[in-house]
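Every chain is named by a letter (A, B, C and D) in the order it is written, and numbering of its residues begins at 1.
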């Protein structure tokens, strides 16, 4: 009765200097939701890319519906009704949703004269699956959540029996994630098979039938979900026990380090995205900003980083008033930030690890003397950070682009924290990183607080907000809806505030 | 004041505008395909030269302009294959290959022209495409002269621009091209052969550029000379950017360039203005920059993957 | 300075620099085929070419002289390209430098040599830098693409030069349009007379080395590279992107302008209408050929100089028309990049 | 003779070669000339197949080859002063006795190089250079303003207005145009003549457009002097059915009904005399050379009888007189 849709046997795949898969075995049953778990860099994405025809394995076999197959390219995969939603979305931003969905579906000479029919089909599909998508919108105008729905719709439109989703929830709000998980269940019930990669153990527990754990390029176990628990999964993944709940000391807020009054920010489209936000952050305090993404948090962060224009009545840092001109100097005035999107904002990809470590301090002593970079000092410093933050990389001279996402994030965190900032702006610090790294990053942020920093934490992950914050501000449509203490019993209420309901008590 | 001279002055300029714009427009529309697919070809000058020579020599030898045009097209395809091979298959830097191709174009046409024509002592001009006067319309005062007395290759641009727009925006091929230049990996994941798409886009570009070059000898001047393209390939590159990577935009940009080029020639011919002629010569180039500045609102982005080889 | 590190890097540079030379035989072979087809004896032709470039001391110094402007321009362009600014305008910047140098060399000709000579070079740098900063400013302020503006400004610079030498600065009305000679006090010293090898060559090599150090060893270079790769991350890190675009264009334009002033102060001593035979365009290939590494530019500039210099003699003695030389040069570049790209698939050679 | 042959390589060491006595030697060595290879080189500023300026020089050189059995060679120099000097030295050091640098932009370079190679004569086209201090640099000017004076004269007699299209503003071009204007003004001081410069030598299309622009503005006589690009002017004449002239060659076939007069020149004829003296070692210049309509073998005019409106007979008579006056110097075609 075991109906195996996919069997991957002894898959080996190396890249120059890295063995991503070292003989992976994987079996997926028809109609199940199968989770893939593993630390950053364990080889999950590579394995699935092989299944989707993006990479050719160095060795190993793939059986699809019991038949040995060779999937040479994505076209092959699509023809075999395999669909994939990639970790980094594979949508062309400058064309419409519908165009993205039909991309590659027609022979070149085809005149696209049946777009109305395509629209209709998309609308029908999206109604069917309760995915709200406008086929005529440009992808670049969509939110991350919407883009993901387009990706899923694309796979369904192409006709998928097997749907692979690579960390789909990493970029979603809790509500969106919730919705997605329900939706996946619904798909599975209709007979689709789903392979689901995630770092969030609750999601694994909640939605999957079985789970396979990858470590160091090998599948080390496949378990029935109902026979396991998060603690065991975490241990299998990381190879040690992971603290599931951070032990957070009571905060002892001191003087106000950073304050802003009536901040107004206009977004790219010319709309007011932050509508008069006032807040202050004290020494030894973490202020969390909760909210569904798209409610002005990104703009708030970008404005404070000096990347987009803003207006305000007053901003002070260490009781020094800040003018707009000063933003470029905030780096030097004791402010650090961990940006939302590490690749776009935090890192310079073709640069080496060590060059990225000095991105903000490269012109300060001792890294630079009389304008000359001091390579030995920089390398020594980088090595110490790599060690301290246990970043996995070949060498500090290695291009940072070769590191896995989690390790890239660690580089950013290490760089920012090591500057011992007085004020730290943290935006989505653990997005897409594995639980070991997450634990580590959160501990570092707490340690920084305890050492005296004032920290403003922006996250769409409520769990994270509650775990770290001393005070929680809820943001909705560019405004602060109210403040709540980090008391798990109030989680419901925060959820309501995030949806726009005013605070009952603040 | 007598209006007639002013009208004639304008008519003279506007009639020249479209002709002057045509070779640039062919090359620019082609280059839009290539750049939209992510391949920058600064070798247009060389491609146009080769097209001009191929068109000329075959038309001259056969006495048939259409054959000449076909030869230019063939040369364009060949140029495209060579350029693609180096930039797409070998993944060499596109700008260097383009620069090299300009030299190759200059060299090969120069040598062949000398070996086969310059030293032959033959009469070298050919009969170019004659202007076609559109019945009735060409009789309309002013407009008739400006719009309805051109040759077939000039009129053809009226077909070319909408056709290019149609292919780019209304066909699966155009969609692939636009995707491949913006996010090639995304295109790859839905089964589009990125490199093959780029090959085709580049070949379209070089073919149209070759036609633009051939225009110079088959439908404008009547003889090949070394270096006849005289920078039009570079102007076409600028026109592509200026026109925001759209065929209609390119049409506007090349007409703008054409009108100011015609204006400066006309002003020089008037002879009694006190401006040094070099300043008049610089006029079309300065105006292009000024208009570009004026268009600040319209921030059209270059295709994201422009200049980047895939994989 | 870290000596071991330095030596390792030098080795890398050599490794990337010999590629062009390894690829040349392939190009020459292909070119030989075309020579044969066109009715020339490739052996004689190439022998003449070799003789032209390396026959004796004089020939060799002429190669260096021809390479000099290309090294200046190529090294400068490397900086702009590292900052991802597509400066197609080195030609115009060369003219701007040449014009400034001539103006100062003529109208301030009475200044003492030790002031005038450096001054002529400095104003050349300033002229080129300012001409290069116009597109940078337009890009920063209006988002105008530098590809368009630099191409257009080339024409403008050439026409302005034409105006100056046929009009206000002409030596003798009705004679060949050229300015008078600049004051002899501004002439750059030549060494090894009677060869024309001049101090400008040394300056070019030094500039290439300096720009290499600036780009790869200093904090300024760090910012320029960072801006070139990821302007958003650069801004996030507090780097002023616009200022760096201006700076990179100023360096790039300044180097091209210096090339122009050196050409005037060391070779022509005066200004003509078409004083550059397309140095600005060759410079693009010179820089990109070595992956925008200013040190590599010394080699690729030399390569181009040798080709051009040899080409002339090939034309004289083997009677091969010069246009064919363009063709061979194009082939050399193609095979060099193809060879380089092939090697890059095994291991990226850069910094 | 033998002496000279061994001497040539030595010229590389200019200091020695420059010693006074040796400069005299070619005269003595002249008798057994048979063994001496006479070598003539050309520096052309553009392609020698341009059907214009550069081609006249190249054909001149070929004439020297044919008539004197010279070994000839040409080089199309880069338009960079750095290239000029090198090319001159390359020829001189290879023992070329006769070097024609075709344009007065080469003047500086020739004057710099000449003292190092006293056995070589450097001739500069479109130049009036002569300086006894550098006796082996000699300017040769073919005065195009003279035939153009005649063109202007005819234009003012037969047309309503004239447009002149030049490549760039350099003396051979500007002087030719001055001649044209003077000729026209001699007939009718109010006759409209305008000048356009293209800024290059290759853009036939722009040249054609410039010519059409004149016709639109009311001119009915055209003259192009823009090297390659001149082709576009001929085409415009033919298309617009206006009158015109041709320089440096017979271009009747390009605009058979339009061209009234072809100005033909045989630079070689002018060079030949000089070259044979150089070959014999008897060449002792005392001044620069000026070729004009007086040198009938070097430049002459040919009427196009098939033109739609050929130059009428009485006008031709008049022109004969004008030419005579120009040849005698009575008319200064370059007068301001």
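Basically, a residue touches a chain if its C-beta (ideal position, glycine included) is under 8 Å from a C-beta of that chain, and two chains touch if they have at least 3 such contacts.
Because the structure is a prediction, the values reported are computed rather than measured.
J.: So which chain is farthest from chain B, going by the mean of the CA atoms in each chain?
T.: Looking at centroid distances, A is the chain farthest away.
J.: Just give me the whole-number Å value for how far the CA centre of chain A lies from that of chain B.
T.: Computed from C-alpha means, the inter-chain centre distance equals 46 Å.
J.: Using mean CA coordinates as chain centres, what's the chain C-chain D distance in Å?
T.: Using C-alpha averages as centres, the distance is 34 Å.
J.: Once you find the CA centre of chain A and the CA centre of chain C, what distance in Å lies between them?
T.: 46
J.: How many angstrom between the C-alpha centroids of chain D and chain A?
T.: Going by mean C-alpha positions, chain A sits 75 Å from chain D.
J.: Please output the residue numbers of chain D that touch at least 2 other chains, ranges allowed.
T.: 47, 199
J.: Going by the touch rule set out above, which residues of chain A reach two or more other chains?
T.: Answer for chain A, listing residues that touch two or more other chains: there are none.
J.: Indicate the residues of chain C shared as contacts by at least two other chains.
T.: Correct list: 159, 162, 166, 321, 323.
J.: Looking at the whole structure, which two-chain pairs count as touching?
T.: A-B, A-C, B-C, B-D, C-D
J.: Can you list the chain C residues touching chain B in their complex?
T.: Touch list, chain C to chain B: 34, 38-39, 86, 88, 138, 142-145, 147-149, 151-153, 155-156, 159-160, 162-163, 166-167, 281-282, 284-285, 288-289, 321, 323-331, 333-334, 337-338, 340-342, 344-345.
J.: Going by the contact rule at the top, pick out the chain D residues touching chain B in the complex.
T.: Within the complex, chain D touches chain B at residues 47, 49-50, 163, 192, 194-197, 199-200, 202-210, 212-214, 216-217, 219, 228-229, 231-232, 234-235, 253-254.
J.: Where on chain A does chain B make contact in their complex?
T.: Those in contact with chain B are residues 52, 54, 73-75, 78, 84, 86, 89-95, 99-100, 102-113, 154, 158.
J.: Residue numbers of chain B touching chain C in their complex, please.
T.: Chain B residues touching chain C: 42, 46, 86, 90-93, 95-97, 99-111, 114-115, 226, 231, 234-235, 237-238, 241-242, 276, 278-279, 281-282, 285-286, 288-289, 292-293, 296, 299, 302.
J.: Which of the residues in chain C come into contact with chain A in the complex?
T.: For this pair, the touching residues of chain C are 2, 5, 213, 217-220, 222-223, 225-226, 229-230, 232-238, 240.
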